[in-house]
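Got some structures for you, see below.
One chain, chain A, links the two complexes that follow: it is found with chain B in the first and with chain C in the second.
== the complex of A and B ==
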């Protein structure tokens, strides 16, 4: 297997915020296989936790099993298909759980999955949990929210400025586990050493402006755990109205996929 | 940023600082100091030096006390000993007994009074002899002026006075010996507050050295309120030295104050005085160099700033005591020749129990002061003392500081293994340095505090790390448990109950997991995997047996998993059995207790049930209607089901299975009917397995009669076939079962693949979907008879379509081809029953039964062996 723990530095933080009594976000990050998963659950009475928990647990467990094994590599069809398939699988599991057990009825979750491989990042997302990238002092949002607000912006109904004060920030147009079918949005981008990626739930992006996030990241990027804590702190200082979850991943060096040499090819023949 | 302000409290270096500070404070406390002393004592024991062979000890031991008498002894005993030692030319005689009070015999007082009186009346007589200076013999009295008796009287008085005045005797002995040293004691080792009560007598002051009280900052230890020998003895002694010991922090004697300060004078200790005397030096040859050393002639004794010498205590070697200790009595009685003590420094002192105060020394917990004195003198003479250099506190502080820095700055940065090895190495090095210095240099540097700091700091840091990783592990455990729970929920939702069970079992049980397990157990029950439901419930009850209705569920699951055939669950239609709630041990279906599963019917499981109220055993046929039918026609189907059941229930015939009850429980419709032993006729439908012909005919005849009865009551069976005819060979009982049930299944239009087996026994009109009547049942009965007679079906087709075509259009296969032995009469009955047109068949069951019974008669007639067949 390709161990990316030397190439990636990971820090995570999650907090229930200042208003919510429990944390419906779930996160998982594994530098070795280069995986980060973040989900923001919704639904009454613990159900949100269950939904986000199922999504993160299923995806990280399955991908770890697949990529963490000795010969683990991204199977045919590539990372995009891998993420897509597992997001759909998680969707089905959550949907069925919601259908079969009344206490989970109506639960769902947003999801953002990032997989680093071969000097690239493949990111899949459903809903309004985001992936940002800080590269050479340029901080930009990589994912585009599946939210009513984003669609309003895209269709030109409102401006970004107006969007910041919109009331319906939390209306997502896609979510995991609500319908039997879901369409994840998956893209792949090249990665450069020095890139800093941020996966976060809307508890951060609604509470802290992109400029402040960028400021924190660029000033604290030498100490990722501190940066993660600081982001959570900032969101809480601004009210902390929702659960806040942060995954920071910095690319320390490049990580090309190993090209199989003739010896390996030969060995593979006899395997 | 409050988080960061608190963060340093948890950091490793902060822990190091705290430990270092605590130990820095504790370093002067009992604990650390005792440890230092212990290490010192071990060091003392480790060093070996040869004690001075010039020193001999004469012990006033228990033996001497028992032989000479109770302590204190009359002082003439000491005088005799002194004389003996003086005669043996001992170098120095040290009597450590305190002669601080005159010893006055009660009789002496009167003798003195008598002497006074005698002296007044006898002019020549001398006055009080006791007033004479010691050592001066009283002059011989003039005997001219007195009568001989008076003179003799006077002599007797003087003799009595001589004998009883032991002090004078001892003083004379001391004077004769001229080398006796005596102790004095300062009652308190405290700084004098003012001036002395009275000046010390000259014979005491002669043993002091001038000392400048306003000298350097460090001075000898002070002493006040001295006790000293009485004038008679002190004046005749060669020297007096103090015998105060400086008790250490733990009460032990380790150091000897070589001189004590008394106002502006300093009194050397007895040991110093003895050492000087043994070197033929005078008091003036002793020099006190404050804060450094005591010089005795050329001998330089290094001391601590307060002029204390760390005495070397000689260990016993090869079980031989360091100093020869002889019993006082043995020497006095001549058992040990006094000549042995020639040129020796003889120390006389008490060792007997109860005499003097025993001291704690590095080599023994109980040491007589006289032995301590011996060690001290030998120490001085042999220059075998330990040295505490003036710079040692600085070194100690430096080492402490270095260790603290190591703890604060270095240790936290190292891996546990390296940190352990390095810390151990440093500790060993410190201890080794301590002992090496003591053994080779006789130098004492207190290094136990740094060692303790190292040990405590290391232990604290490691425990902290351990606790932190433990907590980290706990959180990661909790996280993985949570994700296992989520996976469990996901698997359960997907119907992978076993996987879900595995996942839930990995989670530590808490209330949330209990909810999940409960719902999983219900799912297992729904899937009729009662053993798994049971194990899940049992697992839950370990955590909380009172959870909801866990107890009842567990009992029921237990009962079910014990009685119900396993492995049958789930896959076949009607498998869903939802056992309704209730506190009974066995699952209930309506009013029946379900005892066990009997087998599988066309539409569902057949259970053995029991009506607990009247004790009737019943067979319960179940049908999962909701699974079989779409919901829009479910209601219709249910109504029809109960109508049919009711109709069939009205039938009361010896050859028809009695229906007791019908009902519905949780989407599961059931019919409770008479429980029959034996089985249906299916086993007898294969060639080679056939029943004897008369039996077959008899069975079919009775079925025909039963059908006739049903038809008269307007009930058509619709599904006559061997599987629906129950036969019990022992009692030769025949019962037709499943009246009307086929009708319900027929009604299903939407359910695909719902054709029940192959329609081999169906009449042409039934296949055509036309109205069914009694004669259709008789066709089916004909087909059954055909099969029971030859072991083959009357119609066969490779496919369903072909079969149906044949039934509708072709005549059945000639049975004689299969069974040539079949009587023509029976063949005729079969052929008539299988006629395509209902009108051509038997019109009633009775008619067919009659024909069959005739056959039986003829068969019996032609085959007498079969005559015994029960008609």
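== the complex of A and C ==
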């Protein structure tokens, strides 16, 4: 059974912002199995929150079932395949719901999923919800947005500074639930004790500069719930034009996977 | 036309959605109710919701175990979007009629949308205002006016302020509060943060067993607004908060 609650400290906050009447973001975090999921829904009426809700509920429930049980462990294909498969499953569920019920037509969601395991983090994402990492004094964006803006930056059309004032912030090039197929981007990185990870929706990253996010995280590391609350507050103080969600995960100590003894290895060999 | 609805759930699992499509919708254990909840904690005629145009009114019909809205017992209540009604163990979330369904505007353009390659099958991304955006042309994006405004943080900064240390070896030392957050104190012992917000400066406890003291009074976990010449005490160090410029 996986239990990382001694190694990971988690705090979350989500808010509808100052303009929107309802919150289309969904989040889930579980220190025990080392999971964080964040989705930013889109689509008319309430469809956005339905899409993000399905994605987060499906992925967190199934991974909890798989990893939280007595014999729970990451299956053979590894964490990357696990995240990929569940993102694809959520995609299909949302797509089918959108096809079968007219009020949900066209709904979709961004997704960022992070799984901590064996001193590593595996992160999968689709769209422009992000994962950042603060390690010592270096604050870095780990995921690269699937957005028109990012493509423009990559191709050298505009600079990162110009991007802050771009008109195209809201155009994502990949999303969950829009097509019957989706390609999640999944990577694994080593983790060190002291690392602080931030998952957020664009309601934070569009409203608060990276410098201010970093300042908040480094100043308030000792009080993660306050840090999460302060990030939301700053986004709202700056106008809060979109829903704001944050998940903070601090790595308190290392968490190597339990290694199988020789007997188990032998048994597995003959199975 | 869209209408308000209730989302009925138990222990976080959604059971069904109920549109408020009648002037009076009743909730109770007996089958004649519009929303029947077969649970002994629910009275036979527990509560009702009367909807007039865009407003819905919730009334407890003298139920045995009462009706809660957002955790508070109510007798009569005007429902607000996202209110959570509790009847026994069941929850009914009230979702108001979509505000401004006919309204286009900057707001719609800021909503995240999927941009699809021209190769993809015809897109189905209907928006309330019909402003579906597909295709790859950047020119198809929102009008400049709509989003340029959103790009820059709109916050007006309050006047510059500082704290000056009043006692100990560093007495007289001044620290200008030029950032959104300034932490004070000793990490691992006691830390407080001063946040600079459009409406002024606030001090909040961050870590440590004891809380900061302002003008002789210990704070609680809540953010506390700072006034010109307030005296802050932290780990035995006294300092004065003051506004530098107007």
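The rule is short, and it goes like this: the second predicted complex is superposed on the first by the 261 of 271 C-alpha atoms of A that agree within 3 Å, B and C clash if a C-alpha of one lies under 4 Å from a C-alpha of the other, contacts with A are read in each partner's own complex, and residues count from 1 in each chain.
By our rule, a contact is a pair of C-beta atoms (placed from the backbone, for glycine too) under 8 Å apart; a residue touches a chain by one contact, two chains touch by 3 or more.
Remember, it's a predicted structure, so these values are computed and weren't measured experimentally.
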{"item": "Touching partner for A:54 - first (chain B), second (chain C), both, neither", "value": "first"}
{"item": "Which superposed partner A:222 touches (first chain B, second chain C, both, neither)", "value": "second"}
{"item": "Touching partner for A:173 - first (chain B), second (chain C), both, neither", "value": "second"}
{"item": "Contacts of A:92 with chain B and chain C, given as first, second, both or neither", "value": "first"}
{"item": "Per-residue contact with chain A, leading partner among chain C and chain B", "value": "C"}
{"item": "Touching partner for A:233 - first (chain B), second (chain C), both, neither", "value": "both"}
{"item": "Contacts of A:65 with chain B and chain C, given as first, second, both or neither", "value": "neither"}
{"item": "Shared chain A contacts, counted only where both chain B and chain C touch the same residue", "value": "46, 98, 226, 233"}
{"item": "In the complex with chain C, residue positions of chain A that touch it", "value": "19-22, 40, 42-46, 98, 105-106, 108, 110, 127-128, 148, 152, 164-175, 178-179, 202, 206-209, 212, 215-216, 219-220, 222-223, 226, 230, 233-234, 237-239, 241-242"}
{"item": "Contacting residues of chain A [partner chain B, same complex]", "value": "26, 28, 46, 50, 53-54, 56-58, 60-61, 90, 92-101, 103-104, 226, 229, 233"}
{"item": "Residue ranges of chain B in contact with chain A within the complex", "value": "1, 3-4, 482-487, 489-494, 512, 515, 519"}
{"item": "Residue ranges of chain C in contact with chain A within the complex", "value": "2, 81-82, 95-96, 98-99, 101, 107, 109-116, 120-121, 123-128, 132-133, 138, 141-144, 146-148, 150-155, 179-183, 187-188, 191, 193, 195, 197-198, 204, 206-207"}
